[in-house]
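Every chain is named by a letter (A, B and C) in the order it is written, and numbering of its residues begins at 1.
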Amino acid sequence: MTSAAPTTESVRPTSGLGNRARKARKALSNPWASTLAVVIAVIWTVPTVGLLVTSFRPELDIRTSGWWTVFGSALQGEGVFSLQNYETALFGSSTNMIDFFVNSFVVTLPAVFIPITIALLAAYGFAWIDFKGRDVLFIAVFALQIVPIQITLVPLLSAYVSLGINGTFWTIWLSHSIFALPLAIFLLHNFMKEVPRSLVEAARVDGAGHVKIFFTVMMPLLTPAIAAFGIFQFLWVWNDLLVALVMGDLRTFPLTVRIAELAGSRGGDWHVLSAGAFISMVVPVIVFLALQRYFVRGMLAGAVKG
Amino acid sequence: MRIQKFGGRRRAIALAGVASTALVLGACADTNDGSGGDGGNAEAFEIDCSAYDEFGDLDGTTVNLYTTIVEPESESQQASYKPFEDCTGVTVAYEGSREMEAQLPVRVQAGNPPDIAILPQPGLLNTLVTEYDAVLPAPSQVEANVDEFWSEDWKAYGTVDGTFYAAPLGSNVKSFVWYSPSMFADAGYEIPQTWDDLLALTATIAEGNEGAARPWCAGVESGDATGWPATDWIEDAVLRSAGPDVYDQWYTHEIPFNDPQIIDAFDMVDEILRNPDYVNGGLGGVDSIATASWTDAGYPILTGDCWMHRAANFYATQWPEGTEVGPDGDVYAFYLPALSTDEKPTLVAGEFIAAFTDRPEVQAFQTYLSSSDWANAKAVATPNGGWVSANNGLDLDNLASDFDKLSGEILADPATIARFDGSDLMPAAVGTDSFWSGMTEWFASGESTQKVVDGIEKSWP
Amino acid sequence: MDWLLHAGDDPVHKLLLMVFAIGLFVALMAVILFVVDRPRNPSRWFVGFGFTGIALLLLLAGLVYPAVRTIWTSFLFRNSGDFVGLDNYVRAFTEPKFLIVLGNTALWVLVAPIVATFLGLVYAYLVDRSRFEKFAKGLVFLPMAISMVGASIIWKFVYEFKPQGVDQTGLLNQFMVWIGGEPQQWLLHRPLNTFLIMVVFVWIQTGFAMTLLSASIKAIPTDIVEAARLDGLSGFGMFWRITIPSIRPALVVVLTTIAMTTLKTFDIVRTMTAGQFDTSIVALEFYDQGFRQNDAGMAAALAVLLFVIVVPVVVYNVRQQRKVEEIR
C-alpha cells in the first residue's frame, strides 16, 4: 500500500532497501522531534497506567483520592496496594476463570484464521484476476464496511435457529468471519495491489497459474500485512462482547462476558472492573509483541529481492 | 427506570476481612462451592415438594433463565432455586447479563427466546407483549399463587390488556432518605415526620454549610439509564403533592405531563435539589447531580459532607464495604415524609417473571417463583440483606437485616398507599428516554421546569 | 453430529472442536483451489469466482440481505408492518434532538479520523528506526488492546469532577488544581464535551493508524530518500515532500477505515455520557432506537443515514484508486 509517489515523480518500489542503516536514528536526533514523540507517548500511556495503579487499590481509596497519590503514600511506607480486586475478578465467580480463557481462545483463533484466509483469496481475486464486474463488486464489498453489525443480528440468529446450530461455536466463528470480511478484503487488497506487476508477470511467464502465484509470490510478500491485520482482527474478536452475547450461550461465553459482569448488576463495581480489564489485556499485548517483529520490517519488505 | 433493583450485595464478593465473614462462612460451611457468601444456607430451607407433583416427572429437565442479575447478587438468586431443584430434579440454567434488556428482544425476534426471563420493569413486559407478541399468559397455578400472595395492584403490573402474564418477584421500596444516625444525634436533629419538617430541617442544616458540605446529596448518572434517580424524586413528589389518583392519571396520560399539578411536584423537588445552598453535598454544585454516579452519590454522608440522600432500599447494598447499615450503624434510612402524618404514600418497584415456553418444567418453575416458598427461600438465601418482597407469604423474620424488615413492614402496612415507579409504566419513549434526559438537563443546564415538562409531554407517543 | 455441534463444558472437547473446524475449513479451501486450478484454460470469470466466491456468498447472506431488509424496515412504523413512507426520515431531519445528533456526527467524521491519522503518522515517522522503536510503538498500540468500553471508562475517570476543597480523583481536574485553576465539569461544557469524547476515540485509533503507516514509511524506497537527502532535504522538509507523497495511498486507506469506524462507533459516547448533554451521534441514536426504544423503523432509518453519509467517502476512495491505477 505504499509504492509510488503519485504527485511527484513516479517511482517504483522495486529497488533495494539497501543501506537502511544510514537512515537510521535520523528522526530522533532532532530535540523537538524527540520531545514531541515523548509527549505523545506519555499522553498515550498515562491513562492506562492510572488504570493499572487503580486496579491495585482498595475500593474506598479509589473513590476518595487520585491514583497518583499512591506514589507519595507508598514512599512513606503506607500499605496502599491490595490484590483484592484481582482476587474478586479471578475467583469471585462460581465459574472458573480458566473456562472463560479457553472459550476466548476457542472463539478467537478460528475467527482470525478463517476470515483472513477467505479475505486473502478474495483480495487476490479483486486485485489480480481481471474478471467481469470485479470493480463494481469490490466497491460494494468496500462499502459494506459501514453496515452496523447490530442490524444483522436478528436475521443471522434466525437463520442459525432454523439450522439448529444456534448457541454453538460454529455460529460465533461464522458471524465473526462475515463481519471481518469487508475491512479485511479492503486492506489486504490494497497491500496486494502494491506488489510489483513485474513479479507477477515473471511468475506467469514461468507458467504459474493464479493458485501458484497466490502461494509462491503473494503469500511471502504479504506476511507482514497478514501479521498486521491478524493482530487487529485478533483484538477485535478478543474484545468482542456483542457477538458473544447474541450468538453464544453459557458454554461459549468468552472472557469479555465475564469482565462485563464484574461491574456488578448496577454497574458500580468498577474497581473490580479495572482488574478485569488488565486480566483481559494480557493476551492481546503478548500477541502484539510476538507479531511485532513481522510487521516492523515494512509491509513489502520481502519485495526487494524480486 | 429500568436499572436493576434487587437484593444482594457485592459485599459478598469480598467477604474476607469483614465482620460478617465468620457468620457467612459458618452459614455455608456445608455447601460445596464455598465461593459465594450469599446463598449459603438456602439448602437448609425446606419446602413442600408435593406442590409440583401435578407437573409430572420433571427429573433431568432444564429450564433456561435469562436475567439482568449478575454476580454477586446472582449467587443468592441461584441459591434460592435450590429447594425447587432438589424437589423436582430440574436444572435451572442461569444466564445473567447486564445487556439483557437489549438482547432479549433480539433473541425473541430471532425465535431463540429463553424459557423464562426476569424482567426488571413492567415496561419491558409491555413491549414484549404488544410489539413482539412473545410472552405466554401465566399458567393457572401461577395466577392462583399471585391471587393468594400478592395484592391486586401488583397483579395489575404483570397484566397487559386484561391478560395476566407475569408474576412479581422481588419488590423495592423507593421512598427512603438515607442519613447518618450518629450525625443526626450529635446535632440533635429529629427524623422529620412531614414534608414541612423536612424542609425546616434542611434549612437548619444549610445554615451550617461549610466548604463542600450541604444538607442533600444526589446523583443521577447511571450509564445509558442516566436520569432515572431523578424521576423517582419527581414520582415521590407527585404522590405527595397531588395524591395517588392524580399519579395514576399522570402515568396513564389522562392528564398531560405538563399539567399544573405535575409542575407543582417539580417545584417541590426544585426547592431542594436545585437550591445551591442545599445541594450537592461533597459532590459540587447543582449541575454535579447530572454527572455524579447514583451508585456513589450517597457516600458523602460517610465523610460528613452530606446529611441526606434519597434512595431506594436497594441502596443498602451500595454502601462501600464495611459500612454498617442499621439504626445505630453508620447509615440508616427514614421514610420520605408526606405532607401530613396521616398518609403514607410509597413509591415501589419490582421485577417480574415472563415465560416464553410452556413445557411442564417451565410452568412448575414459574409456579415456584410466584410462591411464598420462593420468597422465604430467597430471604434465607440472602444473609447479607438488601432484598425484600411484597409477597404477603414472606415471613419478615426470615429477612436478614433490620433495614430489610423495615422495608418489609412498610410494604405490608395496610396504611401504606403503594404506587409503582411511574417511569416504568410510561411508554418507553418517555419512561426510558425523554423523562430521563429531561431530568438530566434540568440539573445540567438549569433548564426551566416549564420547558422540561413541555418537552417530555411533546415526546409522549 | 452432536459431538461436532455442542462442546459442552469440556475444555479439551472445545479445543478439539476448534482444531476440527480449522481443519475442515482448510480442507474446504483446498478443494476449491484445486478445482479452480484444474482446467487448462479456465475462463477468467471462473477463476475470479473461485477466489472471491466464498467471501461474496458470506457477505450476501450475512450483510447484504440484512442491509436490504433494513432499508425496507426504515419505511415501516416501529416493529409493525405498517408502511409509513418517509416518516422516519422526516423525524430524523426535523426533531431538534436528531439535528444535534447529525451535527455531532458530521463533526466526528470530519475531525476524529484526521486527528487520529495525523497523530499516528507523526508518531510513526518520529520513532521510525529510533532505538526505542518497538517499545515506543508498543505504548501507543496499547489502547488498541483495551476494548472501547474499557477505554471509555479509563477516560471517564480522567475527566472526573470533584468540587473544590475535596481531593480530586480525575487527573485533568487535578491538573487544573495544580496550575491554580478551578475543577471543571468537563463533560457538561458543550461543545467541548464532544471533543473530549473524541479524544478517547483518537486515543484508541492512533495505534491503528500508526501500525499501518509505519509499515508504509518503512517501504519507501531508500533511493528516493537518499536522492532527497542529496538535494538537502531533512527534518520537516523530508516529512512533507517525501514521506507524505510516498505513502499517500496508505494515508487514504487509513483515513477511510477510521472514518468508517467513526461512523459505526457508539460504545464510547454510550459509556461516557450516554448521549446526554448534546453529545449523541447517529450510531448511538441508532442503537438507542433499535435496542432500548425498540423502534425498529426509526433505527433502520438512522442506519440508512449512515450508509448515505458514507457515500462520499466511498466515491473519494474509488477516485483515489483510479488515480493510483493510472500511474501504475
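Rule of thumb we're sticking to: contacts are C-beta pairs under 8 Å (C-beta built on N, C-alpha and C of every residue); 3 or more make two chains touch, one makes a residue touch a chain.
If you want to know which protein each chain is, UniProt gives these names: B = Carbohydrate ABC transporter substrate-binding protein.
For clarity, every value in this text was computed on a predicted model and none was experimentally measured.
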Worksheet entry | Two chains joined by the most C-beta pairs in contact, as defined above | A-C
Discussion item. Can you tell me which chain lies farthest from chain C, using the average of the Cα atoms as each chain's centre?
Written reply: B
Worksheet item: Between chain A and chain B, what is the separation of their C-alpha centroids in Å?
Response: 40
Practice prompt. Would you kindly tell me how far, in whole Å, the mean C-alpha position of chain C lies from that of chain A?
Written response: 12
Worksheet item: Where in chain A do residues touch two or more other chains at once?
Response: 63-64, 154, 156, 241, 260
Worksheet, complete the sentence: Where chain B touches two or more other chains at once, the residues are 106, 223
Worksheet entry | For chain C, residues contacting two or more additional chains | 291
Worksheet entry | Residues of chain B touching chain C in the complex | 101-102, 105-106, 127, 131-132, 211-212, 223-227, 280, 282-285, 287-288, 290-291, 305, 428-429, 432-433, 437, 440-441, 444-445
Item to complete: Could you pull out which chain A residues touch chain B in their complex?
Response: 59-60, 63-64, 84, 87-88, 91-94, 153-154, 156-158, 160-162, 166-167, 241, 245-246, 249-250, 257, 260-261, 263-269, 272
Practice prompt. Give every residue of chain C touching chain A within the complex, in rising order.
Written response: 5-9, 11, 14-15, 17-18, 21-22, 25, 29, 33, 36-37, 44-45, 47-52, 54-56, 58-59, 61-67, 69-70, 119, 122-123, 125-131, 133-134, 136-150, 153-155, 157-158, 167-171, 174, 203, 206-208, 211-212, 214-226, 234-235, 241-242, 245-250, 253, 257, 260, 263-264, 283, 286-287, 290-291, 299-300, 303, 306-307, 310, 314, 317-318, 323-324, 327-328
Discussion item. Under the definition above, what is the set of chain B residues touching chain A in their complex?
Written reply: 3-4, 6, 8, 10, 13-14, 33, 35-36, 68-75, 78, 93, 95-99, 103, 106-107, 109-112, 222-223, 293, 295-296, 299, 303, 314, 318, 320-322
Discussion item. Going by the contact rule set out above, which residues of chain C touch chain B in the complex?
Written reply: 78-79, 161-166, 185, 187-188, 270-271, 273-277, 288, 291-295
